[in-house]
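The structures come next, written out as structure tokens.
Presented sequentially are two complexes of subunit A, the first with subunit B as partner and the second with subunit C.
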Partner chain A sequence: MNPPLLQARGLQKTFRLRSGPLARSVDHVAVDAIDLDLAPRERIGIVGESGSGKSTLGRLLLGLTPPSAGEVRFDGVAHADRRPGDWKAFRRQTSLVQQNPLSALNPQMTIGQQVAEAVWVHRLADRHGARDQAAAMLEKVGLSAELMDRFPHQMSGGQRQRVVIARALVLSPRLVVFDEAVSALDVSVQAQVVAILRSLWQQLDLAYVFITHDLRIVRHLVDRIAVLYLGRVVETGDIRSVYARPRHPYTRALLSSVPSLDPRVRNVAPPVQGDLDPGKAARGCAFRSRCPLAIERCASETPRLRRIDQGHVACHRAEDVRPLPMATAEVA
Partner chain B sequence: MSHLLAVRGLVVQAPARGLKIIDGIDLSLDRGETLGLVGESGCGKSMTCYAIAGALPRGIARTGGSITLQDDADGGTGSPAKPSVAMIFQDPTSSLNPVHTIGHYLESALYRHQGLRGNDARLEAMRLLERVGIDRAKSRLRAYPHQFSGGMNQRVMIAHALAAKPRLLIADEPTTALDVTTQAQILYLLEELRAETGMALLIVSHDLGVIARLADRAAVMYCGKIVETAPIGALLERPAHPYARALIDCMPTIDPDDLEPPTPIAGSVPLLDNLPAGCHFHPRCDRGGRDCVSAYPAPARIGPGHAASCYHPVRP
Partner chain C sequence: MFGFVLARLLRSLIVLFATVTFVFIVLRLSGDPAQQMLSDIATPEALAAFRTQWGLDRSIAEQYLLYLANAFQGNFGTSFADGREVFTVIGERVPKTLSVTVPAFLLTMLIGIPAGILAAVRRETAADKAVMAGAVVGYSIPNFLLGVALIYLFAVWLRVLPSSGSSTWQHAILPVATLVLAGAATISRFTRSTLIDVLGQPYIAAARADGIPEREIILRHALPNAAIPLVTMLGFGAGGMLGGAVFVETVFAWPGLGSGFVRAVNSGDLNVVQAMILTFTAFMVSINLTVDILYAALNPKIRLGNHDAS
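What follows is the complex of A and B.
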């Protein structure tokens, strides 16, 4: 197996929250004890509900925010050991596609300028060369050179999204974190962007972390998936096996919440009640208040990730999680 | 019996720019029925909702057609009152006023719609919150929207809509900003409330999965026009308009056997000020012929309650 491009160990991020000037501050653990390995050209999906810590994890991986504990290594070098000069080289090899891509573009610059800027700030080409590289990259995402001189407001949402992707990929980074890169788009535009990302990945030496709460899209874009619940990985494994046979009750609930296109499957009771509840107790499974399988042990003992089949699951009752009813079998 | 809602030839324009945002659409909705409205961003779904709710934004006006709301079944007092319409929106947290408590928000709606005040209003607000699945309702009345999650705020919006005792509830992308788990909860709640109150539901989404879960019938919009209407089963299994079929084909699923990535639709949605002549979909259509550029196709019957505006509808 290839040595990891990216390696995270015991990653933790705690935010100190204060609800008012006189209130006592409380620590909120947004990311908790996460280990993650990513090989060159590997693609991992991070899914979970809003507030589960996905964006925070993405920022930690790219060294955009320091961890409260644990470390991240890129090419074997820990972020904490990197000298200021080395950060520049790291930044050139990585990029982040932000959660709200439509506002990520500068309204006053043409799209050609914005993609080219990424090249010449790193002094990798003169302005002419940068413009050529930008044109080539825009071509790869399906935007013709005639669009180079347009401003963002003159483009559709899908076109702007492709510009953001072109800008993130123009320096041929080895690692990209896509944070909800398609969530704000129409299904038809999502399908375009998925096709583009799949074909770009074929052509490039690119590993990526794809953060999303959309379980339908992510399976076409990644090799592995990690499911986060309140900052912890509760299940991780190969994308196909997790979808075919989720082993954590939360993963199963997420997957069975996705509406199917079968009009005979109607008025289905929601698989889980309630929201994420960050006021979790220090001990026990954080999901237990919403879990249909919870038993006493779930309150007294925190489940650790353990190997089941090909994946890893943090649940005392993983063996008792029923397979999802197959949509096709159900109808027959 | 007439329809609860009948929209005929509705035209909505931004008069300053002369653009037809909605170009002559027909819709009907019966009591207790759920109609889904689906289409890509910018096709006019929200404007249709605003027009029906009588709440078009400033600078945009209805310039043609009619919208008739009628509920003969209402009251039984002989004089049919105009049935009330309520609406909920995509982004609940930003639709709520941050300076007012949840209680203030609900109680003022209860005063406006039902004349309730003081303790009566408070008790009814608590009952509504409980009904939409918010526990500890009494203390929650004193909370502010920013203290709630997006899902909880959408429940508050639904409680607020219920205060109007609507005969028609319009839900414009009610779950687009929410997690799938919360989406499943909210859709289930909407269906329960519809069954309980007998109100009709107009649900708008660009996600056919959401429409499939609730709607009895669906209308597919493209560039300000309705291109196909059908019972939901017929639409999903036998779409007739190439655009409707393309929308279905670009829906990803979680079915482990469905390994192919979704198929994108060629090209992109045209701008309103640059609509293609004839069928507006023809530049993106894989079935188009020479006739498609001539004139806009009239709706043609496909089956019971099923019509499509296309010269070359897909036949099963």
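What follows is the complex of A and C.
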């Protein structure tokens, strides 16, 4: 097997929260003991609800925020060992695509300036050459070079997100973190962007981490999936096998609540009850307060990721999780 | 863009006209200028003569139309107090006021903006805390008190600067310092919070993730976007300088519009008061117009209109 392009070990991020100037500060663990390997050209989906720590994980992987514990390595080099000069080289090979394309674009700069900027900042071309490269990249995401002199507010949402993708890919990065990259778009526009991402991946030497809460979209875009619950990976495995046979009650609940266009399919399993409950995460299984299968052991012993079939699951009762009804599994 | 400027220009003229009208009527209704000028012991004959001399015996409508007609020709009447042309009286004072407020405004920007940028970029460091502590001090002391405190410190105690008058440039130092301290405090705080807000935007995170150096992110991405709200704030700051001039010129006996205004109001010098309010309004209106035009020039959404391609 190839050596991993990206490797995270024991990654943790704790935020100190304080409700008022006199209140005692409370530590909130956003990302907890995450291990992750990504091979060159591999595509992984990180799935979770809002508040599951998935965006923080993305920022940690790109070294945009320092971890509280653990480390991230890219090409074998740990972020912590990188000197300022090395960071620039790292940034040339990585990129970030964020959720809202309007706020992800500088309202004061034209599309062409923004896509070209990284090219000449990294001295890969002069300003003129950078503009040509930007035009070529825009064509690749299906935008005419005539739009180069437009400002973001003069474009549609779908066009903007394609600009953001063009800006992220213009340096031919080896790793991109897509953070809810299509969630803010209309369904029809989502389909276009998904198609563009698939075809770009074919053309480029690109590995990516696709962070989303949308289980329908991610299926078309990744090889592997990791399900996050309150900062921990509760299930990970090959996308097909996880979708066909979820082993964690949370994954199962998420999959069974995916809305289907098929009228024969009704949501059979109860969707997850209640909200994320960070207070109870300290001991035992964090999901137990919402879990239909919870037993006493789930309160006393924190489940660790263990191997089942092809994947890994952190659940004491993984063997008792029933398969999804056939029709649901097919559609999801 | 041209239409935008034209519309703002028209609006400015309307504001000026409305101010003239409003001020004229309110001043005529708020007391008898003859009584005020000639004091309580004046004989009825003296009062009547005064009214006839200044046309105050006619109806308000008549006086108003006459005033407008004259004002359009640049004739704002003569001062009740010394019989000089109001135009001359104000013309002497405007340069005095500008010689305090313009340097004060420039220094406010020169100190306030870089201090705010420093505080935002070095957030939560000693530099940030020092700037913010200074800003709180400058912000919370009222300028008349600050003026008195500066007089005490530099004129009475250290005896290095004159406390009142306007004969040398040293006389301008304390009034300017008073205005700058308060102005720079406001501007630095606002620059800091605006820049911190901009630096938290996703496009800044995107630029960082693309490896754009922090210095260039601040210069090329953050500052141009922070400039838009900052221009509005600087407009308030410039207006505040004029308001501050009323206090500061009085405290330092600086013979500008501000102290002249206070004197004219106290003595009931109607024509002077009226023309001075008009002068202040004209300054404020031109500041607002400048802000509006700069705002549009800096903001592509206004400069180019909002035609969505979808």
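Throughout what follows, the second predicted complex is superposed on the first by the 318 of 332 C-alpha atoms of A that agree within 3 Å, B and C clash if a C-alpha of one lies under 4 Å from a C-alpha of the other, contacts with A are read in each partner's own complex, and residues count from 1 in each chain.
Note that in this section a contact is a pair of C-beta atoms (placed from the backbone, for glycine too) under 8 Å apart; a residue touches a chain by one contact, two chains touch by 3 or more.
These numbers were taken from a predicted model, which means no experiment stands behind them.
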{"item": "Clash-or-fit label for the pair subunit B, subunit C on subunit A", "value": "fit"}
{"item": "Of subunit C and subunit B, partner touching more subunit A residues", "value": "B"}
{"item": "Partner chain in contact with A:T236 - subunit B first, subunit C second, else both or neither", "value": "neither"}
{"item": "Angle, in degrees and to the nearest 10, that opens at subunit A between the C-alpha centres of subunit B and subunit C", "value": "70"}
{"item": "Subunit B versus subunit C as contact partner of A:E117, first or second or both or neither", "value": "second"}
{"item": "Subunit B versus subunit C as contact partner of A:T251, first or second or both or neither", "value": "neither"}
{"item": "Touching partner for A:L62 - first (subunit B), second (subunit C), both, neither", "value": "second"}
{"item": "Which of subunit B and subunit C A:S156 touches, first, second, both or neither", "value": "both"}
{"item": "First (subunit B), second (subunit C), both or neither touched by A:I217", "value": "first"}
{"item": "Subunit B versus subunit C as contact partner of A:W87, first or second or both or neither", "value": "second"}
{"item": "Least Cα gap, in Å, left between subunit B and subunit C after the two complexes are fitted on chain A", "value": "5"}
{"item": "Where subunit A meets both subunit C and subunit B, residue numbers", "value": "156-159"}
{"item": "Subunit C residues within the subunit A interface of the complex", "value": "201-203, 205-213, 216, 220-221, 224-225, 298-301, 304, 306-310"}
{"item": "For the subunit A and subunit B complex, residues of the former touching the latter", "value": "49-51, 156-159, 186-192, 194-195, 198, 213-217, 219-220, 240, 243-244, 253-255, 257-273, 275-276, 326-328"}
{"item": "Of subunit A, residues touching subunit C in the complex", "value": "62, 64, 87-88, 90-92, 94-96, 98-100, 103-109, 117-118, 121-122, 147, 150-151, 153-159, 164, 167-168, 171, 177"}
{"item": "Sites on subunit B touched by subunit A in the complex", "value": "40-41, 133, 149-152, 178-185, 187-188, 191, 206-210, 212-214, 232-233, 236, 246-248, 250-257, 261-265, 268-269"}
